[in-house]
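The structure that follows is given in the form of structure tokens.
Chain naming follows the written order as A, B, C, D, E and F, and within any one chain the residues start at number 1.
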Amino acid sequence: MPTVKPVEYDEASPEVRAVYDDIMATRKTDWINNFWKALAAHPPTLKRTWESVKEVMAPGALDPLTKEMIYLAVSVTNDCTYCINSHTAAARKAGLTDEMLGELVAVVGMANETNRLSCGFQVEVDERFKPRY
Amino acid sequence: MPTVKPVEYDEASPEVRAVYDDIMATRKTDWINNFWKALAAHPPTLKRTWESVKEVMAPGALDPLTKEMIYLAVSVTNDCTYCINSHTAAARKAGLTDEMLGELVAVVGMANETNRLSCGFQVEVDERFKPRY
Amino acid sequence: MPTVKPVEYDEASPEVRAVYDDIMATRKTDWINNFWKALAAHPPTLKRTWESVKEVMAPGALDPLTKEMIYLAVSVTNDCTYCINSHTAAARKAGLTDEMLGELVAVVGMANETNRLSCGFQVEVDERFKPRY
Amino acid sequence: MPTVKPVEYDEASPEVRAVYDDIMATRKTDWINNFWKALAAHPPTLKRTWESVKEVMAPGALDPLTKEMIYLAVSVTNDCTYCINSHTAAARKAGLTDEMLGELVAVVGMANETNRLSCGFQVEVDERFKPRY
Amino acid sequence: MPTVKPVEYDEASPEVRAVYDDIMATRKTDWINNFWKALAAHPPTLKRTWESVKEVMAPGALDPLTKEMIYLAVSVTNDCTYCINSHTAAARKAGLTDEMLGELVAVVGMANETNRLSCGFQVEVDERFKPRY
Amino acid sequence: MPTVKPVEYDEASPEVRAVYDDIMATRKTDWINNFWKALAAHPPTLKRTWESVKEVMAPGALDPLTKEMIYLAVSVTNDCTYCINSHTAAARKAGLTDEMLGELVAVVGMANETNRLSCGFQVEVDERFKPRY
């Protein structure tokens, strides 16, 4: 169970309620997931985090599904149960198929393996990989 | 410097040379990067790793650039210098622009932050996020 | 469930019981938490770990609450469920308020984010940050 | 070397320069460290990150030195060279002595050890540690 | 619960069933554990992963118990619940005693601690530790 | 460079010198590596860490080479440059061959991969893996 008391909409302060309203309007849903209810125990963190997530995950040079896949790749690497479940759900909603999920997890697994192979042998960065600008 | 002696093409055994040849043919390049030269100190690991990477990174339900971005997201999360440099180079070759890289790193940073917010407060997975099958 | 059989006080060897007694005396409590009961499956690890924790967490140049907060920051970064729960409880006992916990988790989240931003772009250490001694 | 071209003040856009000016004014310094120069390759990330760091690290229920120590504890746990160097420097400026640094690193080491002891044996959370609210 | 539908033997495709048969024959068991049933949601990942695990974990310069202990040490460091449970079981089957497990977890804990002590102080690699070849 | 001033033998306090002497006597060497010189900036951490390492790494139910391999496996997983170099050197001194190192790094890579595959799909622990005691 959470280490802080989650804040339900009905008992929320106007400040928290304003963030909840924006989350539901932006996501076109009628509910608030547990992550935000826990952050509401510290309103400045709720507001700042939501505004950052909203900006970072908006469509840009990368489309929303690609961003969700990157988010999921990080969450799997960190073995974060909550984020794996919530972002798998979000990615599926954005179009992730079983086959895409299979390939994504395969790449994540392979990267975690080769990250250790390269540092296990202390491989040095090739000159040709260094950026030119 | 690497903790094992890297194997150059000229001194490689036929077994290692066959892998090097396949890497260069598959990637349409004329050189072998340091990662494979170090793995060659243990030929079975070189062969198995190359075959796995070749299979996992081939175009499938996800395109090569998306796979490179996922690879890079994991490598940044693990702070693996070699892989960050090699996969940034590979992703750029596959079309990654400065703006896409900026957004990718922003998502990686945000995911690493919210992973800790959710576990810092021990947030529980919402029923609605649980898979249905 | 634990992968080793936890050792209850009543069935403990004199060696283990002596450590349990010291834990309760030092912490002014009348119970032993599950962490120590599991370590007791390997008595030398129980004894060494307790003596180290006792020394490291004692008041010194840093006060106990600050030490608990640092402990919690590490445990959140590692997503260690047991330690997050036990050290949140210990920190609250030492005076941690909801507002302090909110700020602590916010700093932990931000640090995990900027750690990846700096390595994602492979930022080099500034000369001015290098120590002088 | 960084994988993006760092942006110097003289070549910065008005948008980037405004952030740089605010960093120097807030911190009462006359220079910009490499972290921000790299983030400037993606101006929205520069602006958002600076505003978040400024808010999170401001004095609140926790004082600035305590926040710097928590930041450093996370950076050490993640083995992030840039952040270890920059936040050790910042913490020293805020009053961190050699003895306090020694105790901080000792707590970080101990937490990383016991995090693994508890999950190595799969210790279960005690009922008494569960929050009451 | 898993984010993909696990594949039972009876409903498996011939391709998946062939892998399941090889797992049971190689391990001399009559059941398939949940890990493989989940991977079967993406048959190429099931096949590739099984073949790699089979090759890597076979007796070689290192005996099977030593390999299981190394596997467990990594899984504990990553706090991976599934792998800690499955590889503790596998290691016990291969001969791991309570005392060996106690020493293994102690070394894992100590390594995680000193890893942070060395990077916390940014210790430089001694010339004498550099490889000679 | 280290963030604390390393302590050379000639300038060491009697307390620090006693630890240095014990390190050299125990290891049958005539020099002190940088790790201990940095820890000496905080003598209680030097003393406690050395005594713990000495106890944990002594021959027991596991032989010294096996312990060094476990230490190295953790250090590679954490990508700790100092510890990878120092414990590869120590393991080689204890008998590690190139082939054993190759197999060790292969197991470490594979464990890091399957750790993410199992949590990527949120695989549940099989009943048969649960301990019986």
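Here is the rule we use: contacts are C-beta pairs under 8 Å (C-beta built on N, C-alpha and C of every residue); 3 or more make two chains touch, one makes a residue touch a chain.
Just so it is clear, the structure is predicted and the values come from calculations on it, not from any experiment.
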If a chain touches subunit C and subunit E alike, it appears here: A, B, D, F
Maximum centroid distance from subunit C, chain identifier (CA atoms): B
Distance-maximising chain from subunit A - centres being C-alpha averages: F
Of A-C and C-D, whichever chain pair has more C-beta contact pairs: C-D
Listed chain pair A-F, A-E or C-E that repeats interface B-C [over half of contact pairs the same by residue number]: A-F
Self-contact between copies subunit B and subunit F, residue sets same or different by half: different
Centre distance in Å when subunit B and subunit E are each reduced to the mean of their C-alpha atoms: 20
Of all residues in subunit E, the ones touching two or more other chains: 1-4, 41, 44-45, 48-49, 52, 56, 77-81, 84-85, 88, 99, 102-106, 108-110, 112-115, 117, 119-122, 130-131
Chain contact graph, described as a line, ring, star, complete graph or other shape: complete
Residues of subunit D that touch subunit E when the two form their complex: 76-77, 79, 81, 84-85, 104-106, 108-110, 112-117, 119-122
Interfacial residue positions of subunit E with respect to subunit F in the complex: 1-4, 31, 33-35, 38-39, 41, 45, 49, 52-53, 56-57, 60-62, 66-67, 69-71, 73-75, 77-78, 80-83, 85-86, 88-89, 97, 99-100, 102-104, 106-108, 110-115, 117-126, 128-131
Footprint of subunit C on subunit F - complex, ascending: 1-5, 44, 48, 52, 55-56, 130-131, 133
Subunit F residues within the subunit B interface of the complex: 79, 84-85, 88, 98-99, 101-103, 105-106, 109
Subunit B contact footprint on subunit D (complex, rising order): 3-4, 41-42, 44-45, 48-49, 78-80
